[in-house]
Every structure is written in C-alpha cells, then in structure tokens.
Amino acid sequence: MSNRLINWFRYASPQSFYPLAGKLIPWFWALAALFGLTGLYIAFFVAPTDFQQGEGYRIIFIHVPAAWMSMFIYLVMAFWAGLGLALNTRLSGMMAQALAPTGALMAFLSLWTGAFWGKPMWGTWWVWDARLTSALILFFLYIGFIALQAAIDDARRADRAGAILALVGVVNVPIIYFSVKWWNTLHQGASVSLTKAPTMAATMLWGMLIMALAFWMYSIAVALMRVRAIILEREAHTEWVKALPEVRGSTS
Amino acid sequence: MLTARHLACVRGERRLFSGLDFAVGAGQWLHVQGENGAGKTSLLRILAGLAPPAAGEILWHGEPIGRLGEDYRRELLFLGHHSAVKEELTPLENLLFAARLDECALSEAAALKALARFGLKGREALPVRFLSAGQKRRVLLARLAVRQARLWILDEPFTALDVKAVDMLSALIVEHVEGGGIAILTSHQTIPLPGGQVLKI
Amino acid sequence: MNAVLAVIRRDLLLAMRRKSEVFTALFFFVIVTSLFPLGLGPEPALLKKIAPGVIWVAALLATMLGLSRLFAPDHADGTLEQLALSPAPLGLLITGKIAAHWITTGLPLVLMAPVLGLQYDLDAGALGVMVAALLLGTPLLSLIGAIGAALTLGVRGGGVLISLLVLPLYVPALIFGAGAVEAHLSGLGAAGHLSLLAALLALAVFFAPWATTAALRIALE
Amino acid sequence: MNWGSAAEFFAMGGYALYVWGSFGVCALLMIAEPILVAKRRSNILQSLRRERLAETLDNHE
Amino acid sequence: MNAVLAVIRRDLLLAMRRKSEVFTALFFFVIVTSLFPLGLGPEPALLKKIAPGVIWVAALLATMLGLSRLFAPDHADGTLEQLALSPAPLGLLITGKIAAHWITTGLPLVLMAPVLGLQYDLDAGALGVMVAALLLGTPLLSLIGAIGAALTLGVRGGGVLISLLVLPLYVPALIFGAGAVEAHLSGLGAAGHLSLLAALLALAVFFAPWATTAALRIALE
Amino acid sequence: MLTARHLACVRGERRLFSGLDFAVGAGQWLHVQGENGAGKTSLLRILAGLAPPAAGEILWHGEPIGRLGEDYRRELLFLGHHSAVKEELTPLENLLFAARLDECALSEAAALKALARFGLKGREALPVRFLSAGQKRRVLLARLAVRQARLWILDEPFTALDVKAVDMLSALIVEHVEGGGIAILTSHQTIPLPGGQVLKI
C-alpha cells in the first residue's frame, strides 16, 4: 500500500478523525463568521435597492445560498453513504448521518425564505412551480433519511440502510427535478413562474456568492461538530474515547 | 467438516464470545451449551452465514463459507425459532414450499408420509394457525425428514415437544449423524443422544 | 427458476388464503376515488378535470398500503432467512416476490380503473390511455415500493415510515401517469408521457431488485 | 449606503415582515443548530464521565 | 383510573420509542396533500377549490393508516389478554388507548393543517374553520377507527380490511368536515356543519368505546 | 379453591376434552399433562376466563367465575406464551406497566430487584427485542415475583429457560404454594417440584 493511501485510511478512522475535526472546527467557524458578516454588509448596505422588487429582494442573499446548499449537501451525503457501503469504513456513515440534519435545515430555509419572498412578489405563499415543488420533495427525502436512521437503533445497520436510501434518492433527485419541470411547463398554469431570474447586478452576485461561501463554511463547521458528537456516542466504549482528556475531565 | 476459527460475536456493545475454535467432522454432532443470553442463537446464525462474525472465520471443508456461497447453502439446513412456517398455509403446503425453495424434488405422497411420521396425521389440511405450540414445531421439523443436507443447524429443536416427539426427533438426528451427517444443536434440556462434542459459551 | 416460481405461487396462494388481501387493495382504490365526489360536491366539469390526478393518487396509495406486508410477515416468521439460505440467488427470489405483489395489487387496479374512469365521465380514448399508463406505472410502484419495504423491515413503526420514504420517490410516476391522461384530454397526445414511464420502468426493473436485496440482507443480519 | 436612518433600515421599504421574517428565522435556526449539537456533545460527555466515575469507584471497592 | 393513565402513558411512550411513529403519520398527511397538486396540475384556482376535500381525505387516510397498529401489536404479544384480565374495566382501558391514538395521530394533523392550507392558498378565516372542523373531526375518526381495528383483529389481511370497514363510516365526518370549509368559502357560514360534527362526536364518545370493547372480547376468545 | 365441573372444549370440529372435573385447593398445585395438541393451552385459557368452555363451569370458591368478574381477575395471574411483553420497551418499563395494569403499587427499586432476581441485571434498560429467547421469558416471569395473586396459571413456564432459571422458578412456585397459593402449570419437562396433582388430558 502506498504511503498516501495509508494516510488516507488513517484519517478515515474515527479515532484519528476526531482530533483533526476538533482542530478544524474553529477555523471553519471563523471563516463562516467572516464571510457571513461581509455578505450581510453587502446584502444590506452595498447592494442597491431593486427597481422592481424594492427592498424585498434582499431575501435572495439567504434564499439562494440555502437552496444551493440543500442540493449540494445531498450530493455529499450520498457520496459518503456510497463510500461507506463500498469500502465499509465506519466514518463514512457517520459523515452521512452528520450531514443530513444540516441539509434538511438548508432545504427548510430555502422553502421558508422562498415563501416569505413569494408572498410580497406573487401575492401568495406558495405556488406549485417546478423548482419549488422539487425543493419540497428534496426536503421530504431528507426527512425520510433522518427518520429511517432514527428508527433503526443498531448504528451499523442504520448506516447501511441509510446509504441505500441516499443512493436511491440521488438517482431519483434529477428524475424528480425534470419530471416536475416538464409537468409544470406543459401545463402553464395561471400563476407567475420564476423561470427567469432577474438579471443581477454585479454587487448582488458578489453578495450572493459570499453568502453562499458563508453557508458552506457554516455547514462544514456544524457537520464536523455533529460528527464528533456521533463518534463519541458510537465509540463510547472504546479505550481511546475513555482516554480522551475531555472524558477524563477534572475528576482524575 | 465445519471449522470455526477465532470466532467472536458482538451485540450492541456487549462481547458475547471471542476466540471460539472448534471443528465438527462427518458423523459428529456438537451440543452448544450456555446460559440464557450466552450467545448460542447468535453463534448458530453466524455459522449459517446469516450474520457476519465480528472476527474470525468459518470454513466448510477448508473453504470460507462466504466464498462458497450457494455450494454451502445447498449442504445446509438451518432451523431457528420460527423457520418459514406460514400460519395461513396448511402443514402440507408449508412442507412442499420449503422443498421447492431448497430445490429438492418432493412428491405430495412423500410429504404426507413425513408429516404423518411427525404425528400430524389428520392435520395436514388444517391451517397451521390452529395448531398447538408443539404441533407448529413439528411442521417445522418435518423438513428434517425430507431435505437431504449434510449439515444440520438446529436452535432448540426440542422445545414445546412432548416426550414421544423428543424421542422421535432424537432418533432422526442419530440416523443423520450415523449416515455421515453433521449436526449442531442447542438445548437447555439434556439431549437423549449418544456421543457428541460439547461447546460451552 | 423453479424456486422463483415456487415463491410466486406461494405468495399468490397466501393472498388467496388471506382472501381479503386482493380485494381490499382494490376496494381501497374504489373507495378513495369515490370519496372525492363526496368531499368536493357533484360538479361534472370539476370532476372530469381532477379525474386522472385522483385516480393516480388513489392507485399510488392503494399500492402503498400493502407494502408494509410485502416482506414483514416473511421476516417475522423466518421465511426470509430461509430464502437467503436457499441455493437460488436471493435477488431472483425477491424479484419473484415483487412480481407476486404486482399481480395481487397492481393488476387488479389496472383492470378496475376503466370503471372508475367512467364514474368521472372520461371517454374511451382517455380510458385507454389511462389503462396503458397504469399498466406501465403500477409495476414501477411495486418495484420502488419494495425498496422502501425492505429498508423499513424490522424497524419498529415501519408501516408508516414506508410511506415517508416511498411517496417522494413515486412523484415521477405520478406526474407522468396522470400527465399522460391529461395530455390526451388536452389533445397533446400521450405518447411522450408513456414512453417516459416505460423508460422509468426499465430503469427500475434493473436497479430496484438489487437495492431491495441489499436492504434485505442488512435487515437479516 | 442605502438607509437614511435606523428606522428606515428596519422598515425595509415596507417589506419588514418578509425580510426580517426570512433573515430572523434563518439566524435563529443557524444559531440554534450549533447549540443543539453542542448540547448533544456535552450530554454524551457527561454520561461518559459518569460511567468512568462509576468504574473507578467499582475498582476501589 | 390509575390503570387508564398507565395505558395512555405507555402508549405515548411506545410511540416515542418507535420515534418515527408520530412524525410519519404527520408527514404522510403532508405528502399526500402535496401529491394532489402533482397529479392535478398547478392551477391555483382549481387547487383552492379542492383544498378542503383534499385535506380531509388526507387526514382521513393518515388516521386510517395507523389503525391496524392500534390493537394488533397488543393482540399479538398478549397485552390485550392482560388488559382483559386486569381488575380495571376493559372499556375504560380501551378508551385510554383510543385517547393515546388521537394524541399521537389526530392532534399533530390539526396542528399541521394550517400550513397546508397556506399551500393551497386558503385565507385566515377558512383556515380557522378548517382547524375547528379537524379538532372535532379527528377524535371522531379515531373513535370510529377503533371499532374497525377491533373488528378486524386477528383476521388475516386485517390491515387492509380495516379501510374497507372504516372508510364508509368516515363518510359523514368527511362530508361535514370538508363541507364546513366549503360553506365558509362560499359565504354560508360553517356553524351548521360544525355543530353537526360536534353532535357526531358526542354520539361516538358514548358508543364507540363500548362497541370496540365488545369487538375486542370476540377477538380474544 | 378452583373447581372445574364437566368442562368440555371444542376447537373447529374437534372435541379436545370433555367431562373434565377437578378441584385445586389452597396450597396445592396442578400439573396439566398431555401430548402436543391435547388441549392444555386451551384448558388454561378457559380457566383464566379468556375463552368460554363448550360445556361445564368453573367455580372460584364456589362461585362461577363469569359472575365474579373483576373479583376473580384480581386474584389471578395468567402467563401464556407471550404475555404483554413489548419488544420496544425495556424490561423495567414492561414490569412497571404490568404492575400498574394489575393495580398494584410497585416502586422502581422493587422492580429492579425483581429483575435482578431473574438474572436480568445489566439488561434493565435494553429494549426487550435485543434479549435472547430465555431472557424474554424471564422478563415475563418477573411478574410472578411482584404481583400478589392467589391463583397462578402458567402455560409452559419452563421453556427456553436454562437450568439455573428453572431451579429459581421452581423455588418461587414452591414458595407461592406453601404460602397458601394455587398454581396450575403445563410442562413437557418433568417439573422439579414436590407434591402436586396431575391432570392428564
């Protein structure tokens, strides 16, 4: 085995990943805060008022990053799940499990902010538009994944069942997206559709990208925190966990 | 020849056993003993290839059972607590289906004979649901008289059986073992069989 | 092959023995489609408009209802263990079980649908399209449903969890299935929708049994 | 700079409910999530410590 | 009384232990209401029109789904026998079980319904009426459902048979429940429908536990 | 004092037994014997009042049990094959619930002690689903140590138990009987108990 591969496997073990993640987390929080504050500054103070939508459009600065992250996290989750199924590494399942709630949160935020945007723009909280509908279904997929894992109490089994579900889902997400899109364009309902995003000013685009980075860093930081908690829960009875300074604590 | 090497089993966070080594050759039988919760059922399921061991390996004639796959399953008959007896079907239907699943030819007459041998005469056409606890077990055990398998793995085959049935089953196992077969059993009762290795876990 | 046939035959026999099994999925379908006129009031134009959607949603729910009993009884009484221990490959036997599920739940729906379509005032052409769509769509529902049933096996509260896992995955079938009839009604022609359904079915026939078998192996451990 | 006064900023050109409804919930959830995760971690650490304590007591007996 | 509380407490504990139990009935409700637009097309006017019907049918199905598990696990593992052998009167204990069923399935639906109403573009007044109707209607669904669950107990294929027995009995609840919202939307006022629902509920509270207990005794023999 | 008069039981079209007469008084126990399918389980369920007999009547201190209702149930503890043990709940929760259902006060400490007595120490908080066959039975039997009932009706209480548990249970039954209780048992194994009437069906 080459050196690189050995290294890789080393970090694939929860025991060595745990301290590494611990070291990385503050950095991601710092980056998230940095990008977040910059993004918010641009969002509220640099980006000009939209001539059509007034100030309401500022929701875009969280709506779009949340929507992007919700989709991206699903892909990453499915990647880890597949890896876990193929290589039988313990860490992969934990990663997938750690990502799911954050993904669901992002999906929820994109729905929520979208609804709060839709009300002033379209006069209704919800329309059955292709993009909205598929975002809703993505949210359901996350919930399904979380519910399945929560319902299985053997951790290894939960990982592998979840992995199969995530993989089935990842095959289905594009199918669902296109089917919904096709369904919707064929009908051309009476509602406003948002096929054309407003052509964006450069500052808006920058603000959005920076906010997206902030969301990204946030997701990584939270997922790492959660994976550390999961590692502790699952490996509670191993020697290395018992030897951790935070476990030995002040009692010894 | 079934050989287990350094088998270990972990359930939840509890290590049930580890470093288990044994070999059972043709014409031998093994009595797995242990308290309630010692891990007998878990061991038998591992031996049947239904669950992977936490460590160690199982060899059938020197080959790992994982690699043998179908060839191992063809030689194996595993009967657990409820092995595939459908409550809605009659004993006869249950037995015929089991035979087809095992890919062994079984005529209806032969099936009826096996059932009669297990004291189910007159109940062949009654849905299993109506049978008593012991009669249900007998339907399950009737497969022993039908299926040609070298290795029998039986989890508490004597529960719920009355005295006559216990004797009959013992005779069947003796016959199997003397014919060059292998049997692995658990039981909390003393087994009325001659010889036999004992494995304590 | 013999073993697969045995599995199918036994499952059909069980369905017959449980008598109500086949008919109740069917009756559920009938009752749900008949509830709508009750919930909505008897406006023929409105009813005709919602007919394809309602019939498809009802078909979907009727299929889903029986899913929790696709593998659960076999799991509980050890049949699944014995299937896994059979010399025949598990994937094949499972395909047999899925086929039996379709024959007992999907097929009766397909046969019943035209009658319900009449209730909603659909014409012969639309009924034909609907039957074709259901003929392609119901096996798809059984195949996808089997994955959900296998994943929730041995999981407590599984019966309802299945719907959570499976319903989102049913969306494409629903859209193309109901879409086919609607497209026909609006004069666009249903060929596009039907061929998409067929493509989905082909995909599912390949992958679903594999995913189901993998999930079952996990449940068995 | 877009805003003349703080009041104007909070009014968001009449879209206050929607803008703050979105940003507020977003901020709330994004603060709550790490706190919940941290709590989960401290819970498990606490029970681990308790177990350890019990073990050492057992050994002393 | 103590025993009744123990029954309720244990059933809630079981629901929590099975974790997904509560949430999945809820999500089933959410998903089914979201499926209809996918089957019907995204036209807001049409959707608004069918909203009360769809939400009620979905609530009805969501309640019904869990019914087969209301008594079946207790029957299978002997709990029901022990309930019958308890010194406390069986009818009271059964009422406790029904109450627990409503708390875990009906109540969450009532709380979720307004959000779904928004998806269908209902206004605040209509939402209020809908919640009121559901608050009266969902206990009714649990009570009637319990009779069906008890009657089909131990009957093979019972899971699906329940729907057959229970759905026709649900029709009045559906008609008055959906009718209340529709009456409100068309400006007629919902009071009449709501008081009819309340009357049905009062009737059911008296007779359903009794009928359920009688049916359970038969199943136990 | 439990008296049965001319009891008969019919299942399907099969008459399992008829004209059964016996009486068991305080401080006595009855061993119901018979082959598989003879009707032992059916008899016990009839005695518990769960199923009506085809003919005859059952008296508790001279009163028909149907008329006694609650008063009879309060004195009775019936344990069948799966009596109300929930797989999702832990042994402790199961025991506490059973006590509440019986309307007898049971503190958590007492429940833990009863479970420990039945060898479930360390498993009090593990869902019953994970337990072994014998451990599941023990959860069920722990009620015997907790509930104050005059009449015990136990259907094959010794199945799946290991030797130690069988001894412990026997001691418990002896204690119950010597304290003036009544016990009615079935078992295919020989019961290691002194005295006792035998009823063959």
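Quick notes on this structure:
Lettered A, B, C, D, E and F in written order, each chain numbered from 1.
Criterion: a contact is a pair of C-beta atoms (placed from the backbone, for glycine too) under 8 Å apart; a residue touches a chain by one contact, two chains touch by 3 or more.
In this text the structure is predicted, and so the values were computed from the model without any measurement.
Between the contact lists of chain D and chain E, the overlap consists of A. Under the contact definition stated at the top, the chains bordering both chain C and chain D are A. The chain with its CA mean position farthest from that of chain A is F. Using the average of C-alpha coordinates as each chain's centre, D ends up farthest from chain B.
Interface of chain B with chain F: the two copies contact each other largely through the same residue positions, with over half of all numbers used appearing on both sides. Note: centroid distance chain B to chain F, computed from Cα atoms, is 30 Å.
Chain geometry summary: the mean Cα position of chain A and that of chain F are 55 Å apart. Centre-to-centre, using mean CA coordinates, chain A is 35 Å away from chain E. A straight line joining the Cα centres of chain A and chain D is 17 Å long.
Residues of chain A in contact with at least two other chains: 140, 143, 147-148, 151, 180, 183, 236. Listed for chain B are residues 12, 81, 87-88, each touching two or more other chains. The residues of chain C that reach two or more other chains are 17-18, 155-157, 161, 164, 167-168, 171, 175, 221, listed in rising order. Chain E meets chain C in the complex at residues 17-21, 24-25, 27-28, 31-32, 35-36, 38-41, 46, 49-50, 52-54, 56-57, 60-61, 65-66, 68-69, 155-161, 163-164, 167-168, 171, 174-175, 178, 182. Touching chain D in their complex are the following residues of chain A: 44-45, 47-49, 54-56, 58-59, 62-63, 66, 101-102, 105, 108-109, 112-113, 116-117, 119-120, 218, 221-222, 225-226, 228-229, 232-233, 236, 241-242, 246-249, 251-252.
By the touch criterion stated above, chain C contacts chain B in their complex at residues 2-3, 6-7, 10, 13-14, 17-18, 73-74, 76-79, 81-89, 93, 220-221. The residues of chain B lying in touch with chain C in their complex are 48-52, 70, 73-74, 76, 78, 80-89, 93, 97-98, 100-103, 127.
Residues 85, 137, 140-141, 143-144, 147-148, 151-152, 157, 160-161, 164-165, 167-169, 171-172, 175-176, 179-180, 182-183, 186 of chain A are the ones touching chain C in the complex.
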